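Structures are listed in the sections that come next.
Next come two complexes built around subunit A: one with subunit B, the other with subunit C.
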Partner chain A sequence: MEEGFNAYRQSLESEEQSIKSTQSVVEQAIAWFRAHSMFVLAYGTGCGAIEMPPTFTSRYDIERLGVVGVATPRQADILIVSGYCSPKTLKRVIRSYEQMSDPKYIIGLGSCTINGGMYWDSYNTIKKLDDFLPVDMYVNGCMPRPEALIEGFVKLQEKIRLNSSEAGYIKYRDNYAHYRANQERLFGAQVAPSYEENFAGMN
Partner chain B sequence: MVLIDCFLMLLLAYGFGFLYYGLYRNLSARVHGRFGPSLAQSFFDSVKLFVKEQSTTFGWMFYAGPIIMATGAVLNVLFIPFINHGDSLQGLSSSANLIVVLYLMVLGPLGNALGVGSNGNPFGVMGITRGLTRLIALELPFYLAVIGVMIDAGSADFSAIFEAQSQEMNLLKHPLLFMAAFISFLGFMGKSPFDVVGAPQEVYSGPATEFSGKFFALLLSQSAMFSFAKLLLMVNLFLGGADDLGDLVLKTFVLFVAATFIGSVYARFSTIQSVEFLMRIPTLLGIVGLALL
Partner chain C sequence: MQNLMQHFEIIQKTPTLYALHVSIETLFNTLHHLRYQSDFITLSQLTCTDWIEEERFELGYMLTNLERNCNLMVKCFIGRDDVTVASVVTLFPQAEVMERELHEMFGVGFEGNDTLYDFALEDWQDLPPMRREFDTLAYVQSHYDFRDGRDDNLDVKEQIKIRKAAAKSAKEAQGGA
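Now for the complex of A and B:
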């Protein structure tokens, strides 16, 4: 058996081919359009948010990849949660996420979204964003440079193009009870109303 | 025959609308010192939005808003001739005149107001209030200029307006009227310094705030087509119309690039400032231009 970097790359490519072979041309085209047009709702929860303006403006110009910022969750495809979340912030993040229309994805920016980062023993921030919302792509670092965020976008683009059924919004719908239980545990009586009935009739 | 003609016109307006919108994003990126997205980016965006899910509903009026706007844009494209002679690319322009076209131009903002009014989003309402206030100020100089053009041609028919410009185009004959119309045209195109309606950082997306998915895509497509219709109207009124398709592309392109560059370097006026400015400078230019006729 072949070994090394090329072998690894080939195994990834063959995996991509096998997923693509199950999709029709129309599905592939739609996935391509989705991957090349990403509207971002950038939620500046933590200090990592300071790296987003250079990513979006002249210095790094992420609009080259078809990524633009939008001002309202209704039109957004991607939610960037940029760093630590206090329960109070998380409540707003969840509401914003639930107002977005499918297909939607989440990028967790910074170590704080992965495991709490340097706030892991803080008394009022959450440790793991994935317990409450389905994160599609993590960008680690404290704080991640714009290059890292761009890399994250490129990886997410590949994921969207494959149109896999493991996308976060599908996971959220299928495992809503799990996410909801975590949210209820954190927020207690102040939890926002459930959106579960809205899932009825969706594929 | 007319049907094929109309279909062709809509197709051209759709294609050029998105191409110009892409070009606008690209050119303003260059002004900012960036590379900007690909030319077809806006087209990708609209296709993606058409296949995205629609998540909100506020009753049928909410959906009727974008449809009324799109109707206005489509009718405008069909009623403005693309070419200044012959039978091709004339659409329905022989059964309409300038007054009908001007009337249809305000259908868009009204449809928008109806749609936004039904969703009650405060940013949408703020955006539309700004839009309608600005519209009053925009129309004054534009209509003065158009009246001048109609007096010069002795008719409101496009064919008479082309006829009157066969020797010398209105831009050279009546430069003051052109300047008055061009300043309002910047506002009609939503360019700075008059872009108070969808002003980011102030009212988020303005009137489009609550729209998502297909209806947002419809809004984007109609605005691309409507922009092309406005370019066409300016070309027909002041640049003598287009002799052929190449001429059409050239003239609309020059106007478009001028508007884009001016829009990229100016900061935004507040609503009151833009109303005051439009009521003073271009209106004065229009009145003097009319007096000199």
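Now for the complex of A and C:
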């Protein structure tokens, strides 16, 4: 068993092989482009958002990975839910997510998105983000450092390149009833209009 | 301040903090006096304390003076249920949002403030959550799902102690060898 750089290179190569064996050249190219142009919606919830400015600016400079911030959900590919989410915020988050165009991915940043974190007994924050939205990548920590977030992005790039049907937006489309039921249960009468008709003509 | 102390029963708490207790009837007039006849021009905080055992709330208006070297806390006891206090928006415009928050968190009414609708909580049906009879844990358990693995609730303090002691003794053993 090799160690260090060689092992890393070999693992990359074997992954490359598996990608090559399952995807056509065009698919590979599209997946490669996708993985290297991730546009992030410049939006933050919770305290984890404070780690995003250093990630995006010169110190950690995530733009070298092709990650850029954009101002509107229509242009974005990635939504970072950066911490605790109150029901009020979650309504806006869901709306933003539904406005984004496919393919789109969600990164859950911080313990709060995973299991409630230190707000596990708060009356005004949700405890499991993936009940309501399909999360592609969780980055744990309270709060995660930019290195962790970058690691999350790199893992997400790998996931995108594999082009699997596990991607969040496909899950959201296929299991919309499940997500919708959870949203309705939390928001009651104030739930946003159903998104289902927008799936017509897809698949 | 010396002048004020002759007219009001002001207690000095620290060199820069004073406290004054007033009744609900004289609350607005006192604040009006402090705002216009004295130099307490800033309302920096508006707080509410729930003394559930004594069945009352305590409102606290934290005023700061022009030179910014003196704070005066004007306190007032009010009932817990269906109370309405005169709003001080006309004296301190910033009170609008503070009163709105207290209305949402404690259910205190403010007469003359017309922004007392949803603030941080949207469509809240339950008791105002900062009242002490509101059972937060029961509310959370009935409204949210927890992820498995959070429920073991182990007391990790003991474990940490044991681990630290083990590390220490290992270090000592190494040092001795």
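The working rule: the second predicted complex is superposed on the first by the 182 of 203 C-alpha atoms of A that agree within 3 Å, B and C clash if a C-alpha of one lies under 4 Å from a C-alpha of the other, contacts with A are read in each partner's own complex, and residues count from 1 in each chain.
Going forward, a residue touches a chain if its C-beta (ideal position, glycine included) is under 8 Å from a C-beta of that chain, and two chains touch if they have at least 3 such contacts.
Computed from a prediction, not measured in an experiment: that's the story for all the values here.
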For A:Pro103, using the defined touch cut-off, is the partner it touches subunit B, subunit C, both, or neither? Pick first, second, both or neither. first
Mind working out whether A:Pro87 is in touch with subunit B, subunit C, both or neither, as first, second, both or neither? second
Can you name the residues of subunit C that touch subunit A in the complex? 120-123, 129, 134, 136-137, 139-140, 143-147, 149-150
Taking the complex as given, what residues does subunit A use to touch subunit C? 86-88, 91, 114-116, 120-124, 126-128, 131, 186-190
Within the complex, which stretch of subunit A touches subunit B? 30, 33-34, 36-37, 39, 57-58, 61, 63-64, 66, 68, 70-72, 74-75, 77, 99-103, 202
Taking the touch rule as given, give the residues of subunit B at its contact with subunit A in the complex, in rising order. 25, 29, 32-38, 41, 44-45, 47-49, 51-56, 200, 204-205, 208-213, 216
